[in-house]
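The following block contains the structure, expressed as structure tokens.
Think of it as A, B, C and D in the order they're written, each chain with its own count starting at 1.
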């Protein structure tokens, strides 16, 4: 039988909610018993996408950040959405070290971190409408445990 | 200036999400630096309302539980909503020890716990449509800290 | 589930989970009833030393075991209950039937 | 903010917060720049021994301080970086400019 669970969360585009978003996703993912490294990968990726929504999507304007999270067996699927200003050139935005806010000391490494730490990252954006980042990761730890259990 | 923050969350009516709901609300409330006792009060009340939505609202049917949480200065406002079967007699339901599921070893103390641990609890319910429990609590710890800061 | 137990002369000490809610309660109840039956337990002591959270579902578990043990001529006691959990238990009036004890020894002395 | 620091002969060791994200980064940056200016710091050592989480905002903070310190003829080093944070730092290529050291002594010896 498939193991499935999903949740949605919506919160204000305030920087103090970045840590909150990490805790929420980490708590939801905890049911899969991830390794410390897997959990760190997911928390870091969430942090990057949520920060981007707040500082690039909404800039100084107040708005809502939406996270949708789904677990199907050992696969975690996360969507981070904002209704902010959108990205005009997604390809350029995803380049390592590219940032539109160097004066804010942004490193331009957000998308690179997500791509390195998750199995798959897709970005959809419409200028003036907002951005959705979709990420997927398979927890190998869980798969390994299951295989062990089968071999016993 | 008013300190304000709000969030909404929506998750499956599965019992493993009871713990998840507690962590989410606790993480959101953490920004107010509650005492251990205040945090325990809030977590316990959330747990009661979410459990009720899952076992009484939806019984064995799958559905969604919704939590809305707002902080205004030192006041925490929480709404727990289900679109389940509703409560026909709210007054009776709120009586200590009243339960419609004694065979499930429910103690009938859920509403009593919420009333004891939160400052104010309101229940709205429409049979066949669902139930919303609205709870409020002022964090005295925060007020005390502020007054101390003023007196210094 | 992280429930562990120890049995001595038909007395069973059960160290409960870190968090007792409805999700956990069902597992705990089934496991306890199985252990009680298999070992003809007379005195059941709930040890809360690992438990940091309990909602009213825990009251149901304790009351259910209390009724069961009493029917069989046994009894139930509690040890190491933290103050937050005590506040939940107090509300329910369960302390008229089931008491907190200082230690396992104390509980067994008074209950057996 | 839980940033603490120690200054010895214009060397400053800064023990950073438990979680470094964009929210914290702004505070950390402002505090560091103030401390660097006030104490004419020459060598800045970031101590990550309390830090359990860092995202790419932390890279920005380190890079920013690195550029600043270099301009003034100073330097920057890192100590006690856990493996998850190292993975974030590695991605950015920052290790070509700023290195991990074994200890405060080691860092000061090589950087001063």
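Convention: contacts are C-beta pairs under 8 Å (C-beta built on N, C-alpha and C of every residue); 3 or more make two chains touch, one makes a residue touch a chain.
Since the model is a prediction, treat every value here as computed from it, not as a measurement.
**Student:** Counting only C-alpha atoms to place each centre, which chain is farthest from chain B?
**Tutor:** D
**Student:** Once you find the CA centre of chain A and the CA centre of chain D, what distance in Å lies between them?
**Tutor:** Computed from C-alpha means, the inter-chain centre distance equals 26 Å.
**Student:** With chain centres defined as C-alpha means, what is the inter-centre distance between chain B and chain D in Å?
**Tutor:** Spacing between the chain centres: roughly 42 Å.
**Student:** Would you mind listing the residues of chain A that make contact with two or more other chains?
**Tutor:** 16, 19, in rising order.
**Student:** I need the residues of chain C touching at least two other chains; which ones are they?
**Tutor:** none
**Student:** Could you list each pair of chains that touch, in label order?
**Tutor:** Listed in label order, the chain pairs in contact are A-B, A-D, B-C.
**Student:** Taking the touch rule as given, give the residues of chain A at its contact with chain B in the complex, in rising order.
**Tutor:** 4-12, 14, 16-17, 19-20, 23-24, 27-28, 30-31
**Student:** Provide the residue numbers of chain A that touch chain D in the complex, in ascending order.
**Tutor:** Residues of chain A touching chain D: 15-16, 18-19, 22, 36-37, 40, 43-44, 47-48, 51, 54-55, 96-97, 104-107, 109-110, 112-113, 116-117.
**Student:** Show which residues of chain D lie in contact with chain A when the two form their complex.
**Tutor:** 19, 21-23, 25-26, 29, 53-57, 59-61, 63-64, 83-84, 87-88, 91-92
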